[in-house]
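Each of the two complexes below includes chain A, the first together with chain B, the second together with chain C.
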Partner chain A sequence: MATLDFSFYTWANISNYLLSGLYFSVALTIAATVGGIALGTIIALMRLSNIKPLEYIATWYVNVFRSVPLVMVILWFFLLVPSGFYDLFPGGSGQKYRAEICALITFVVFEAAFFSEIVRAGIQSLPRGQTNAGQALGMTYAQNMRYIILPQAIRNMLPVFLTQTIVLFQDTSLVYAIGAYDILKGFEIMGNTFGRRIETYLLAAVVYFIISFFLSMLVKKLNQKIRIVR
Partner chain B sequence: MIEMKSVSKWYGTTQVLNDCSVKINKGEVVVVCGPSGSGKSTLIKTINALEPIQKGEIWIDGVAVHDKATDLPKLRSRVGMVFQHFELFPHLSVTDNLIIAQVKVLGRRRDEAKKRGLQMLERVGLIDHQHKFPGQLSGGQQQRVAIARALSMDPIIMLFDEPTSALDPEMVGEVLDVMVGLASEGMTMMVVTHEMGFARKVSNRVIFMDVGGRILEDTTKDEFFGKIEDRQPRTREFLNKILQY
Partner chain C sequence: MMAYWQNVWDRWQFLWDDRGDGVTYFQWMLSAWGYTVAVAAASLVIALVFGILIGTLRTLSGHRIISAFAAGWVELFRNIPILVQLFIWFFVISELVPGMRSVPGFVLACCALGFFTSARIAEQIRAGIQALPTGQRNAAYAVGFTQFQTYRYVILPQTFRIIIPPLTSEAMNIVKNSSVAFAVSIPELISFAMQTQEETSRGVEVYLAATVLYAVTALVVNRVMAFMERRMRIPGLTLQTQGAH
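Here is the complex of A and B:
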């Protein structure tokens, strides 16, 4: 069995190979969480609305994306969206960051299906009387959602959102399928360059573990803190 | 001020309101009582269209509630409502509970809304609790804040849907005191309650509803609490039950 050798982990190599990948993975996680919650909230509201067509669209959206593997969605988008789409981005950046743009869009679209179910559960967990109270004070549907229902729903669901974000962070490694430069890709290239693939994959695991574990701790803390006293 | 004409409502095939007609004049206090399942709460919620009706007409101050074209949010902002379970907004402080609808719905300036809200909080005797959150208050206190919140909107009428039924017995009095005060100042009120003491003290009229959503009696207070032999058999039965202990 070969002995492990970590001597090539110098700061110069780390900043050369890993930092941009780490940056992309974190950025993708944050953007997909924010975008996913925003789009997911809209889908949740559609699903809870009394307007049948909207309800159907939202239900199908959720069912479809929850029933296909993420890596397939990434590949579809990458292979099926015509190259002209990337020309829409200014200064040729679209073509240059094709994989990254593709990753960002697919993650937002995919995660929205999951986040929408969390938002929906959050809204439905509130007593019906809260909606009535807002209405009785003269609030419109939008005002009621904006000031009364969603703040409570999202606050109650914050720990669940974060848990989903942890899963999301780990899932970002799937962008390897289209060659986007994330943490894993950085380690992979480094491993190939120095002929030390076992060591690099080991360290990649450590990085994923540290970040995910830190987030889990945060969820635990939040769970104790966030509960609104009723 | 309020007029309901032959209002009927169904949940699916179950009729919950059956040809209900009620008229409430300005300054009147009307108590609605009856056994559970008689549609009292549904009746009061149809007035500000929290519950839609399938038949009949409801008019508030000349505005047709039953008309699809009516701007319901605007109408509701003029009708105060107090709920059985208070329904304060738990994520907002007491002050913000009082302010939010004044600012967002009536378009009042924040300082103006705060002034009005605190006046009302003072009047329900809870000015010292303005910075607290609803969860830090007792049930009776929460209900008084809920009344203050409704009053801050300067409503033309107040609807109370079983305001004391979720309260511990020793807190019922403090809420009823506030309501008695309101009544004596001439506020138009419709109150769904089993508090017969309150009805006897301040109401002008008592409406008795029976299972199936029918209004069995609509009489003056003096008649209602007068000779019990003059009441309908169902009303007698009900009164005997709730006044027994």
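Here is the complex of A and C:
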């Protein structure tokens, strides 16, 4: 039976090993949420359009990414993004942060499939009369989406977006597969350096729990607020 | 054109190569697929047992400690990433809990994935129970059933029938989530793909094979569950749930 010793968690060690990892995890979550919602909205609109080829492409996109494990997708992108792409970043930083950049692209593309399903459900939950009313006023498709449909759909879907973001935040730990330096990697390296794997994995779990739990409380609050307005 | 297809054919020939110990990459791939299915199936059993139990306990009225325990269970297993939970089982629980060190890695991985998924199944069971009309419960009490009898004969049989659609996506999720077992050296499809890619440099072919096997597995699960759903559906009673990975 091992005895626990948390004394190596000094401020210097935390900022050395953990802070940049935490920063990357959070940045990846935010970027993937924003990028995923943007790309996902486009895919949802393609899926709901009357243009058959666009509809097929969007349906395939969603189905493919939903039936493959995220780890597999991460490995695919790490394999397929050409080395020249990383050279585009200034000062050799692209090659240095290969795994991190690749993770960012993967998450935006992968999460877009899931966000698009949420946006689609949001649009479909609106009464047809909203679209018809917009058209009756002489609005173009773009105006209708921009001023009538999307604002309502996204507002209704806000709690679901946040729930998906919590899932996304937990999923960022899977960049482990390509060795990107996220918070979990920081804890792992710290644990190996000090020979304290038990304490580091325990604290990693605590950190993830606190952030996810806090966000899910936020979702609950938001749900109540939206329910009152209706 | 001919030469192109010849080239494609040649690129797949590594599958019949010996990886160094008398096992071909093709045989390894099949065994890896077997591990993926085995981990997913065993985890699903654990997840169902605990999920049904916890989900039911959460809806008991008048037992504050029990329902608080069940709520805590769900929050605990839902708010920690599966990969971190896996590491906790392998490096923390197996070290700190006496007698756990001799437990094989396969069992630990199934526990991790099973408990993780149990929280999500518990939520679906709870949603299913709450989706039933209150009249069902009242009617059972009115004919003199105890709380246990009410659940055993009235509530749960109907719940099991209406939660099959969300359970389908959970069963498909568990196949996908079993991929994290690569991190603790369970020889499943991702481990196979990563190691074979390194040894043979046939990345595209290897990943394609693994991806197709995952998709096929998910499809089979989906069809089986869809068949069950058609047989067990209760007309007019459906359940709304939120998607996740």
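By definition in this document, the second predicted complex is superposed on the first by the 226 of 230 C-alpha atoms of A that agree within 3 Å, B and C clash if a C-alpha of one lies under 4 Å from a C-alpha of the other, contacts with A are read in each partner's own complex, and residues count from 1 in each chain.
We adopt the following convention: a contact is a pair of C-beta atoms (placed from the backbone, for glycine too) under 8 Å apart; a residue touches a chain by one contact, two chains touch by 3 or more.
Just so we're clear, the structure is a prediction, and the values are computed from it rather than from any experiment.
Undergrad: Identify the partner contact of A:167: answer first if only chain B is touched, second if only chain C is, both if each is, neither if none is.
TA: second
Undergrad: With both complexes overlaid on chain A, does A:133 touch chain B (first), chain C (second), both or neither?
TA: Once the two structures are laid over each other on A, A:133 reaches chain B alone.
Undergrad: Check whether A:184 is in contact with chain B, with chain C, with both or with neither, and answer first, second, both or neither.
TA: Only chain C is touched by A:184; chain B is not.
Undergrad: Going by the contact rule set out at the top, does A:72 touch chain B (first), chain C (second), both, or neither?
TA: second
Undergrad: According to the contact criterion defined above, which of chain B and chain C contacts more residues of chain A?
TA: The larger set of chain A residues in touch belongs to C.
Undergrad: Output check: A:92 vs chain B and chain C. Expected answer is one of first, second, both, neither. What do you get?
TA: After superposition on chain A, A:92 lies in contact with neither partner.
Undergrad: Which chain A residues lie in the overlap of the chain B contact set and the chain C contact set?
TA: On chain A, no residue contacts both chain B in one structure and chain C in the other.
Undergrad: Which residues of chain B touch chain A in the complex?
TA: 45, 48, 50, 73-81, 83, 85, 87-91, 100-101, 104-106, 133-136, 149-150, 153
Undergrad: Quick one: in the complex, what on chain C touches chain A?
TA: 75-76, 78-85, 87-88, 91-92, 95-96, 98, 172, 175-177, 179-180, 182-183, 190, 193-194, 197, 203-204, 207, 210-211, 214-215, 218-219, 242-245
Undergrad: Considering the complex alone, what residue numbers of chain A touch chain B?
TA: Result: residues 127, 129-130, 132-140, 143, 147-148, 151-152, 155, 228-230 of chain A touch chain B.
Undergrad: Within their complex, state which residues of chain A touch chain C.
TA: By the definition above, chain A touches chain C via 1-2, 67-72, 75-76, 79-80, 114, 117-118, 160, 163-164, 166-167, 170-171, 173-174, 176-177, 184, 197-198, 201-202, 204-205, 208-209, 212-213, 216.
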